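All chains are identified by letter, namely A, B, C and D, in their written order; residue positions are counted from 1 within each chain.
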């Protein structure tokens, strides 16, 4: 592939098209580093004393990050037309802007501009700031693997979560019956009992809510013993799906291995080797 | 299959015999929606303020649901004779009424008629209202899958639960010995210690009951370390059974695939393809 | 095998040698029922009000049970010489008396005779009464399966428990360092910290002991995240060992299937079928 | 390999080169025993009353242990030149001293000499004393197995821990938003909420920190249900990796089996058997 313009080179850097492109790797590292720094400061900012002491630094850093992320977004928006899928200057760019990655990038920078230009203050919505972390997904093979595994095991997961839901409702309704009279403040309604159900069936067991009557304890013990098997299913399904995916990936990597022909000294992909008839 | 009467058409709709029957799908969706609404309102009704505010709506909705479920039950009872298994108008219908699904449908509507005609008030038995949720089983492939897996792994599950039971009794009796003197109010008898045993071995650990003596803690630590392995068995067995079942299902689906013969253009099931000798 | 004497018939009944022997099955059922009744009463006896109300019944039942178990022991001791392994009237019986099953049977009845003949009162040692439950092992295929799986996976289990032990000691020692100053009453010494370690790494988490300092929480979080993987190993190993064992068992059962030869109408074991060369 | 000097014999004993060398086995047993005794006393020393009563014995035993470990270190340092990798008397020994095992051995004895010769008191750093436990790694096949499994599954583990980290940060930030107003003392900042996240997602659930608002409980329930599947991945990955490793090991052991040729009566490794063409 020949690079014959600034736009194509920009696209190449932003999308890490070449594996040994130093500029591309440096850019990626810088963005990932900036994302992690943003998340770290989001965490530290919640500590009151820290926030008070570094008020100005935090504000400046925030503006700086949003400036960089804005530049990145504009560059991506400008150069995306290099990709034949988003060829059209207007509709192609719009199509690109609606891809999940582009939307995440937009949501990260949007609140700042809403505040500056329209006075809409969304700083209270921390969720919008956590969104900066989602920018990392683009660069993380790990998360993409997990997403693929979850997609592949979707049917089974939906099945088990549906059954979990049924078990949870039955357990909560029954437990509410057993415990409401004895602990009207704790098991005051079925949603409270559902909180008990989730915390028990996931084996977290905070200890803020638990049965005290004989009937409740007996029923709770049965639910714990039976239900845990069912609640362990999603974990088991994901783990086996993950291991199967890993095997496929290893196999594919193995097939992609490159050999050198001992005669002509040229590279051969393992898959391209011919079996002599 | 030809449909030549209203009864046969009704049966066809109720049992979803044809996959692309819109009336059938709409009916199914309506019943499933009604079931979920019933369960949702059962949960919300337990919140005192909600129950007081919507007293009349809840009563009306309950009567409406029971009316629909009654109609559904009567239609099923009427049309079941279409099925050759329940051919006889009296005994066939009786045989149908004793199938698990029919019994669930009956239990859902019965309390209302007991109250209206005999004055037997069962509204206190919330379990009877949770039964409405069980109507969903008929429509849920997921639950049927789980039931089949549990049936297939029945022997192994009984084995492990029996061993769990032995471990539990030994652990509880010993712990009662260790802790009764130090905490007579908490470990006041062996059933209390069995509650400790279940909550510890399932790793829920509410924190309402735990050993405080050196001997009790030492023994409790050993039970936790050893017992957890055994208690994790049912989960492992179900997960592997589930994954095996899934494979079989996938294989079967694969075998059921339909091909078109390139010569005669007729449909062929993969299983029916002949290997040329 | 011909039965030509009372002793051989007794041995046959006690050891359930014939599968369709009704006397044998009734005897087995009676003993298993008596064992469970003993355990049930042991549990109920710990409830003070129950023990006081049924004082005489409990004492009579205890004497009756020990009487039956004594008769059973003597019959087994008398008839064991039928088995060629224990042929010798004196040394053969002694050899039998030292087998695990015979020792369990002896420990069950011994305390009673120690009390009656030597005045040694061991009624305080509840562990001796729980031993009655161990008599069930003889009749339980389940427990024998678990024991075989544990034996087969012995090496791997020892490996993981050893590593667990190392992780536990390192975690406890470090946590003691972090928390001793802040909570001298809770983390007062390393054994206390080891109790924290076991309860955390098994994910029970009672909440009676947990870190409160920043360092302790940070270290505790790391231990929880890393250690849980290691602590989940025994469960995973047992589960996979169990499933493998099951497969072998199924295969063996399959191989033991009996066929009828279509020519001579005689029984053939699947394993004995010959492949024609 | 011939042993023709004291140094070579020393090296042979220290490194257990011969399997049936009694001196070597005795030396190994003595060192392992001394390590465990050191760890046991480290644990007991933290119990104040024990430490006060056995002050002199503990001090003497500590000096004795360090003396033995020092001798061991010096012998290893002296004899390591027998190994061709560390042949050079100066640089070879330096190279050896920088191997992980040698560094552990050094860290164990160093604090004592720092105190005696330079007056640097590191007795407060218990971590340095726990290091004595790490000396055991050299002798433990178990730990080496675990290390190898972790290395083999490194990529997958990094993947999952990275995803866990993302889930944890998102969960903590959101929960901080939900609960900060209702429980400003408990969820006082995001690091506190991260502690909640770890303790919940690992299902430990101490009960020192948990949501109380409706929004927080709803979000917490979702995180518990979804997140636990992801958090169970490392355990599943390690368990399957372990079982695969075990199989490979069993296979290798099988291949290493030794046969006797029926003709020449000489030993043959299974792997060396030739297939006749």
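Everything below uses one rule, namely that contacts are C-beta pairs under 8 Å (C-beta built on N, C-alpha and C of every residue); 3 or more make two chains touch, one makes a residue touch a chain.
Since this is a predicted model, take the numbers as computed values, not measurements.
Superposing chain A on chain D by their CA atoms means rotating through 90 degrees, a value rounded to the nearest 5.
Two copies of one chain, chain C and chain D, form a contact in which under half of the residue numbers belong to both partners. Over half of the residue-numbered contact pairs of A-B are shared by just one pair in A-D, A-C or B-D, which is A-D.
Annotation: 32 Å between the Cα-based centres of chain B and chain C.
Computed from the mean C-alpha positions, the centre of chain A lies at a distance of 46 Å from the centre of chain C.
The multi-chain contact residues of chain C, meaning those touching 2 or more other chains, are 191, 194, 203-207, 232, 235-237, 240.
Chain contacts in this assembly form a complete graph, since each chain touches every other chain. Those residues of chain D that touch chain B in the complex are listed here as 203-207. Against chain B, in their complex, chain C makes its touches with residues 39, 42-43, 46-48, 126-127, 129-130, 133, 136, 140-143, 145-146, 161, 164, 191, 194-195, 198-199, 202-208, 231-232, 234-240, 242-243, 246. If you check the complex, the residues on chain D that touch chain A are 156, 158-160, 162-163, 166, 169-170, 172-174, 176-177, 188-191, 193-194, 200, 203-207, 210, 212, 214, 217, 221, 224-225, 228-230, 232-233, 235-237, 240.
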